[in-house]
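In the two complexes that follow, chain A is the common piece, with chain B as its partner first and chain C second.
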Partner chain A sequence: MAEEKKVGTYICKGCGIGDRVNTAGMATIATRECKSQVTKEHDFLCSAEGVKMIQDDIDNDGVNHIAIVACSRRAKTEAFSFENVAISRGNVREGVIWVRPDTDEASETTQEMAEDYTRMAVHEVSVMTPPTPSGQSEGRKNLLIVGGGISGMTAAIEAARAGYEATIVEKTGALGGSAANLYRRVPESSPFKDPEDSGVAALIAAVDADSKITVHLNSTVTKTSGAPGRFSADITTESGATATENFGAIIQTSGFTEYDANQLPHLGYGKGKNVVTQMELEALAAAADGGVIKTADGKDINSVVFIQCAGQRSDEEGHLPYCSGHCCTTSIKQAMYFKDQNPAIDTTVMFTDLRTPGAGGEDFYRSGQDKGINFTKGVASEVTDNGNGCTVKFRDMILDEDTSTDADLVVLATGMVANAGVDIDVVGQDDPGKWEVSVDSILNLDYRQGKDMPQLRHGFNDSHFICFPYETRRTGIYTAGPTRRPMDIGQAIEDATGAALKAIQAAENAELGRAAHPRSGDLSYPSFRKEGCTQCKRCTVECPFGAIDEDEERYPQFNEGRCRRCGTCMGACPVRVISFDNYSIDTVGNQIKNVDIPEEFDEKPRILVLACENDAYPALDMAAMNGVEYSAFARIIPIRCLGSTNLIWVTDALNSGYDGIILMGCQKGENYQCHFVKGSEIAQDRMSKVDDTLQSLSLEPERVETYEIAITDIERAPQLINDMAATIEKIGMSPFKF
Partner chain B sequence: MSDMNTAMVEKYRNSFLSEVEANVEEGEWVKMCMQCGVCSGSCPFGPYWDHPPQELFMMIRAGKREAVLSSESMWMCTSCYNCIARCPRGLPITHIMHGLAHYAKRLGLAPKNQQTMKFASIFWDNLTKKGRVNELQLGLKLYFMNGFVEGIKTALCMKEMGMSMLMTKRMSPMEYFGGHSIKDTKGLHAILKKAREIEEAKAKQF
Partner chain C sequence: MSDVIATNQTILVVGGGISGMTAALEAAECGKQVILLEKSPALGGRVSQLYRYFPKLCHPTCGLEINNRRIKGNKNLRIITMSEVASISGDAGNYSVKVKVSPRYITENCTACGECGKVVETEFDDDFNYGLGKRKGAYLQHAMAYPQRYVLDPAIIGTDDASKAREACKYDAIDLDMQEEEIDITVGAIIWATGWQPYDANKIQAYGYDRIDNVITSVEFERLCDPHGPTGGKILRPSDGAEAKNVAMIQCAGSRDINHLKHCSRICCMASLKHANYVNEKYGEEGQATIYYIDIRAIDRIDDFYRKVKELPNVTFTKSKVASVVENKENGNPVLHGVDTEGYHRYANEHDLVVLAIGMEPSVPADAFPVDVKFNEEGFIEADESNGAIFAAGCSSDALDVNRAVQNATASALRAIQVVNNVAGSEG
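Here is the complex of A and B:
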């Protein structure tokens, strides 16, 4: 920046801050100690008048670095959002006066707290730069949709309706996907009594008629590179002709494959024509087209047994451990194919837990019962050929007995297996410069971390199912439909609509250089000092979003559009060359270093708390709102993700005399709650090495603790701080005070 | 086995559910049960039933004709209506239980010495004789339902109450000999006869 740096400190006296702490003293510290050029106090800083005072200083006085010492950075964000300046927030409301008792004994330590937060805010902002967009985006906003089934077509139509162009790449020779093979679908409208037309033909017609939608049939995506706003994709036809096109965002709707029933020999599959899967029955029903349904070898069917959960919801090797969600209603629908044609045909649905999700699910179930479909709670153990048909041996769960029934046809409700491409945890990426197309891959990403979308559980391309189910771990690439999780047509349509909107949002954000969820709107992006880089690859490996590639010289190559601004790369870098304009080793390091550390004999320890801004920091804010008190010795620094914690902060803090350090991140592992998926896990791995540092300094290991904090831990988080204060009292002060 | 039972077996063979739907009062509801078990859990006599309602419905669907119709279970129903009030599917369970009991009796499959059934017969005969319940006769029949010795024992047990009722004129010993009746007994008998004819004609249709 060409402009000269000018720091302004604004201290609020509202919300009781002025009554509880000496703001004049804080102002003096800001000016004398921290060299703030402009320092002002105000009775009500977030009022129109207070905000105007700051804006006037920006406009007329050249103030471009602003430290606001008032409430938590989570409060009054709209009032305190100034353009083109760097901003830091000193939290003396939630962080000081609300967590300390209003007593004479406490007033001294409370004042010290407020003064430290003032120092931290001014020193933080003084090493920040106002973030500006990188300008990497090419501003493209058209969507690439990979897969032309119900989800893909829905996404394309929704995007076109919103005014965005879409290109569908479909592997087969026709649009429609799995749903095109259905004779009828489960009804989507009241009275939910009879199977309905699948609607695929109408959807295909709508796609064909839309001038904003381009369709490539018999084509696959053989290479995808770039980032939101500037994706480039090679679309290769069956004959081998390749065209490269550019896109703003991508939606993967690659659907599912029916579970391979050959793995269920005990249920008689593969031995004759009278055991079929649900999809095979759809073909038989479609062939009959409302007439008499016959087996594939032309035999009459007078009785049908539907076996639910065939090879699903099972712990057995090779079976699917999950529920595919649609099969119960699908079996009811298929039993109706028979009952509607001839009520005398016996149809039995053998279930363990009948689940009919969706608004009309229960009505549809009732309609099935009304039509005379028999529902038996039982587990089929064996299906054998009896010459005339099949004998199904099963355990009746209600009557608690082993029994059997005969059937002319047995239908197995096998589940959905995601078409998720290659598992990037198993299949590594090609070496730089040695790109090869994989036929198993859906997207053929040239990303350093692998050719396809990461899989979360059971091979599905899911993302954070609790906090932001629509997001994925590849910014600007969204998955929708059964490749994301098992779902029926109704859910897939909803899912695809959501994905289309998210993709549009990602492309629009990319043009402005703004981050996607969870730091939506953030303009900062990581950059690195090439001279210092040792090519250790930790950043490219650890980035939870695959945002960093390696160039030919094996230096990291940042794709800011793909970045979610968590800072995990910054925390990983052993030589500390990665930084953001407004978040760096120095912005946090400067705060740590400038806290006033009293002499050992003052008996005033200092506890550094590095708290994740998504969960732990709000938990502490809420604790403050609820009047929970904690130790006056704690100094809390919000960080973007625990994954951005660089070991140097811990080492520096220990060296400069902090008595204890608490790291607060999110839950990791299987049921992770980290907004950046892997950040807290990576950080905790990294912190396991802290013990070496402690040993080399001859410090007790209890001085550094790492915790998993949920946003609801409003009692626990302050308690952990108090526990650390108690621990220090027991083990004594740090000897490293100067 | 009664003739009617033989006819029904012949007619429905494998589909006991259809038989129940056609012949049992409210029987067409049985297929709508979704096996949640709320009825069985709600029944105050639940623990004493061999097969609680939910299980009976499943047995009907599984074609367990003999086991259902010769069961004591549906005779245990006291018509408290807890199950009807709670059934999420709105099945008239109490009515189905009585329907099943009645059907079993008609077919001659009800357990021979079923106490509820026995008392119900006594009650019916007592009531239809004169159009009014003769409480003294009914009480004595109930006492001696299971033999002379048990009857004497029960009577001795209830001696004091009987005496008190006599003293306060709540019970007249003269009632034992005839008792009073409605105005038109013959008319009542004609109505019941006609009703029986209709019912039997209906049963023959199936």
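Here is the complex of A and C:
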């Protein structure tokens, strides 16, 4: 930045701060010790008048680095958001006066806390720069949609309606996907009584008629590179001709494959024409087109049994452990194919739990009952050919007995298997420079961490977040429809529409250099000093979003648009060459190093707490609001993610005489709650090396603790701080005081 | 109320629960101008009253924190709390909306220092806790309430408490003369996300909610389990404050029943599985949870959670629509009568506490809706051309879980954007 750095410190005396601590003393420290050029106290800093005072200093006095020493950064955020300046927050309300008793004995240590948070805020902002976008984006906003089924066509049409161009790449020779093979679909609007047209033809017509949509049939994506706003994709036809096109964002709608029923020989599949899957029945129904449905070998059908959860919700080898969601209503629909044509045909749906949720689901179920479909709670064990048809042996769960029934046709409700491409956790990445096209891959990503989207569970590309179903681990690429999660047509349409929004949003934000969720709008991005880099690859391997590639010389190649700004790369870097303009080794390191460390014999230990800003820090704030007290020796620094913790912070803290260090991150493992997916887990692995550091300094291992903290831990988080204070009392002060 | 600037390129979102917040944020993060209305003093809606989500057992407040932070950082989004839509007129691309804003009696000067809450004395039933606890007449709805600003209960206006609150405030943030306001705004598209409410359990006569203390609803049970809740996270039964260790969950309480709600409310099975898990977590082997169900509807990969709970030795599943609940007068225990349909065994089972897995109905009934849109028989808004640019999001559109509500809200945001982009295109 051309203009000279000028630091202003603004100390609030409101909310009891002025009554509890000596703000004049804090101001003196800011000015004399921390070299703040402008330092002001105010009775009510967040008032219009207080905010104006700061804005005037920015406008008229050239102040461009602002330390607000007042309440938590979570409070009054809008009041204290100034354009084009660096801002830090010293938390003396929730962080000091609300967690300390208002007593004479406590006043000295309370004042020390307030003074330290002043030092930390000023020293932090001094090494910050207001972030500006890298300008890497090419500003492209058209969408690449991989897969031309209902989900893909819906995404394209909905994006086009909002004014965005879309290109559909479809592997087969026609649009429509699996749904094109349906005779009818489950109704999506009231009164939810009868099967309705699949809607595929109408969607194809809409795609064809839309000048904003381009379709490549018989084509696959053979290479994808770049980032939101500047993706590049090779689109290759069956004949091998390849065209390279550029896109702003990508939606993967590669759909599902029906589970292979050949793995269910005990249910009679593959032994004759009397046992079919749901998709095969659709073909029979489509062939009959409202007339009499016959078996594939032309036999009459007077009775049908639908076996739900065939090879699903089962731990047996080769079976699917999950529920595919749509099969209950699909079987009801298929039973109606028979009932609507001839009510005398006997149809039985054999289920364990009939799953027809919502308004439409239950109405449709009721309509099926009205049409005379039988529903039997039972588990089929064997289907055999009896010469005339099939015999289904089953456990009748209601009569609590083993029994059997005969049927001319048995329909197996087999599940959905995601077309998710290669599992990058199994298939390693090619070496940079030796990249090859994979025919199994959907996207053929030229990314350091693998060719396809990471899978969450059971082979689907889903998000792990309840509140954020479109959370993606490859920024600007969204999956939708049954490749993301098993789902029916109605949900796939909603899903694809939502994914279209997210893709549009990713492209729009990339143009402005703004981060995607969860640090939406953040303009900071990592930069690195190439001369210091040792090409250790830790950043490229650990980035939870696969945002960092390697160039031909094997240096990391940061892609701003793909980056989620968590700082895991910064935490990983052993030579500390990675930083953000407003979040760096120094912004945190400076806070750590400028806390006043009393001498050993003062018996005033210092406990450093690095707290995840999304969960642990709010938990501590809320503890303060509830009047929960914790040790006056704690100094808490919010961090973007525990994954951004660089070991140097811990080493520096130990070397400068801190007596204890607590790292507070989010839950890791199967039900991880870290919003940067792996940050918390990676940090905890990294911290396992701290023991060596402690040993080399001859310090006790209990001086450094790492915890998983939930946002609801308003009692526990303060308790852990107090526990550390008690531990220090027991094992003694650190000998590293200066 | 400072001036609200809106044009026919603005998107109005009605309802500040998870669906409304999502729709508003997703649209605003695409660069659109959005106004979000919320009836209560703070955003978050019904999910902020949940202790945990199924199936991850993570905390809704974790996502709320992220959404709050997104809101704080977004200048395209304007939030008006304590507001309701009074009327809507006009057509897609050009709606006139009258908004009624109730007085909060506290201005933007509020720092949430809490002094007013300390000095007022009168206590009221706490709606946030479904009346299970008390709150003061000057209060913050919950610890993560956003906007982080206190509110005065209208009942204290004109009393000593109001004067005390005003005197305690050092920031001149209390305005006891604040009046209800009506503001008129023009918007291009409307996303309706007013969510759901629990079905009135008193109407399910056979289950005795109105006469047996120890019959509560699933939303109430959620508050009991929450460490921020009225019992500090202890499962204490209403009749005597004793710990309830033997808990029954009755599924389809109001749902899948033509006498009550025709539809399946989708979330209740999973909620009860989660509740059974709470009991197990709190008491281990000493706890006992029994789920009386018709079908366990654990769709798609959520079935993993059902399988996990089924393996707990102290959780029992009984396939039965419970016929009636009566109270054992000696100990206050509810006794459940019915038939286990797997084998047709009659039962009369006594439990410490009964939790009704209460159904979900739309918060705004069709006959109270401010404008003509298409409803289905269940009272949910159905997508239809005739709705113009009014799009339902979340549980205004169907009985949805959080994940699907957010998915649906995100889709609704795009539908609204299509309309305002069209307006922008035609107006150049």
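The rule is short, and it goes like this: the second predicted complex is superposed on the first by the 736 of 738 C-alpha atoms of A that agree within 3 Å, B and C clash if a C-alpha of one lies under 4 Å from a C-alpha of the other, contacts with A are read in each partner's own complex, and residues count from 1 in each chain.
In the analysis below, a residue touches a chain if its C-beta (ideal position, glycine included) is under 8 Å from a C-beta of that chain, and two chains touch if they have at least 3 such contacts.
Being a predicted model, the structure only gives us computed values, none of them experimental.
Engineer: Sharing chain A, do chain B and chain C clash or fit in the superposition?
Structural biologist: With chain A aligned, chain B runs into chain C, so clash.
Engineer: Tell me the contact category for A:Ile711 with respect to chain B and chain C: first, second, both or neither.
Structural biologist: second
Engineer: First (chain B), second (chain C), both or neither: which does A:Pro469 touch?
Structural biologist: Once the two structures are laid over each other on A, A:Pro469 reaches chain C alone.
Engineer: Name the contact category of A:Arg457: first (chain B only), second (chain C only), both, or neither.
Structural biologist: In the superposition, A:Arg457 touches chain C alone.
Engineer: Considering only the touch criterion stated at the top, classify A:Thr403 as touching first (chain B), second (chain C), both, or neither.
Structural biologist: After superposition on chain A, A:Thr403 lies in contact with chain B alone.
Engineer: More residues of chain A are touched by which chain, chain B or chain C?
Structural biologist: C
Engineer: State whether A:Leu354 touches chain B only (first), chain C only (second), both chains, or neither.
Structural biologist: Touch partners of A:Leu354: chain B and chain C.
Engineer: Between chain B and chain C, whom does A:Gly387 touch in the aligned arrangement: first, second, both, or neither?
Structural biologist: Touch partners of A:Gly387: none, neither chain B nor chain C.
Engineer: Touching A:Thr376, do we find chain B (first), chain C (second), both, or neither?
Structural biologist: First partner only, chain B.
Engineer: State whether A:Ala500 touches chain B only (first), chain C only (second), both chains, or neither.
Structural biologist: Second partner only, chain C.
Engineer: Chain B: which of 38-46, 146-154 or 164-172 bumps into chain C?
Structural biologist: Clashes with chain C appear only in stretch 38-46.
Engineer: Across the two complexes, what residues of chain A are contacted by chain B and by chain C?
Structural biologist: In chain A, residues 354, 366, 377, 398-399 are touched by chain B and also by chain C.
Engineer: Name, in rising order, each residue of chain A that touches chain C in their complex.
Structural biologist: Touching chain C: residues 14-16, 44, 46-47, 71, 74-78, 81, 158-159, 161-163, 189-192, 313, 321-325, 351, 353-363, 366, 377, 397-400, 457-458, 460, 462, 464-470, 485-487, 491, 494-495, 497-498, 500-502, 504-505, 508-509, 517-518, 520-521, 614-615, 618, 622, 625-626, 667, 671, 673, 675, 710-712, 714-715 of chain A.
Engineer: Where on chain C is chain A touching in the complex?
Structural biologist: Spelled out, the residues of chain C in touch with chain A are 18, 22, 25-26, 29-31, 51, 53, 56-67, 69-70, 72-74, 109, 111-114, 143-144, 148, 170-171, 226-228, 256, 262-266, 295-304, 307, 319, 341-344, 376-378, 380, 382-384, 398-400, 402-404, 406-408, 410-411, 413-415, 417-418, 421-422, 425.
Engineer: Would you mind writing out the residues of chain A in touch with chain B in their complex?
Structural biologist: Residue positions touching the partner: 354, 365-366, 369-370, 372, 374-377, 396, 398-399, 403.
Engineer: What residues on chain B touch chain A, complex-wise?
Structural biologist: Those in contact with chain A are residues 17, 31-32, 34-35, 54-55, 58-59, 61-62, 64, 89.
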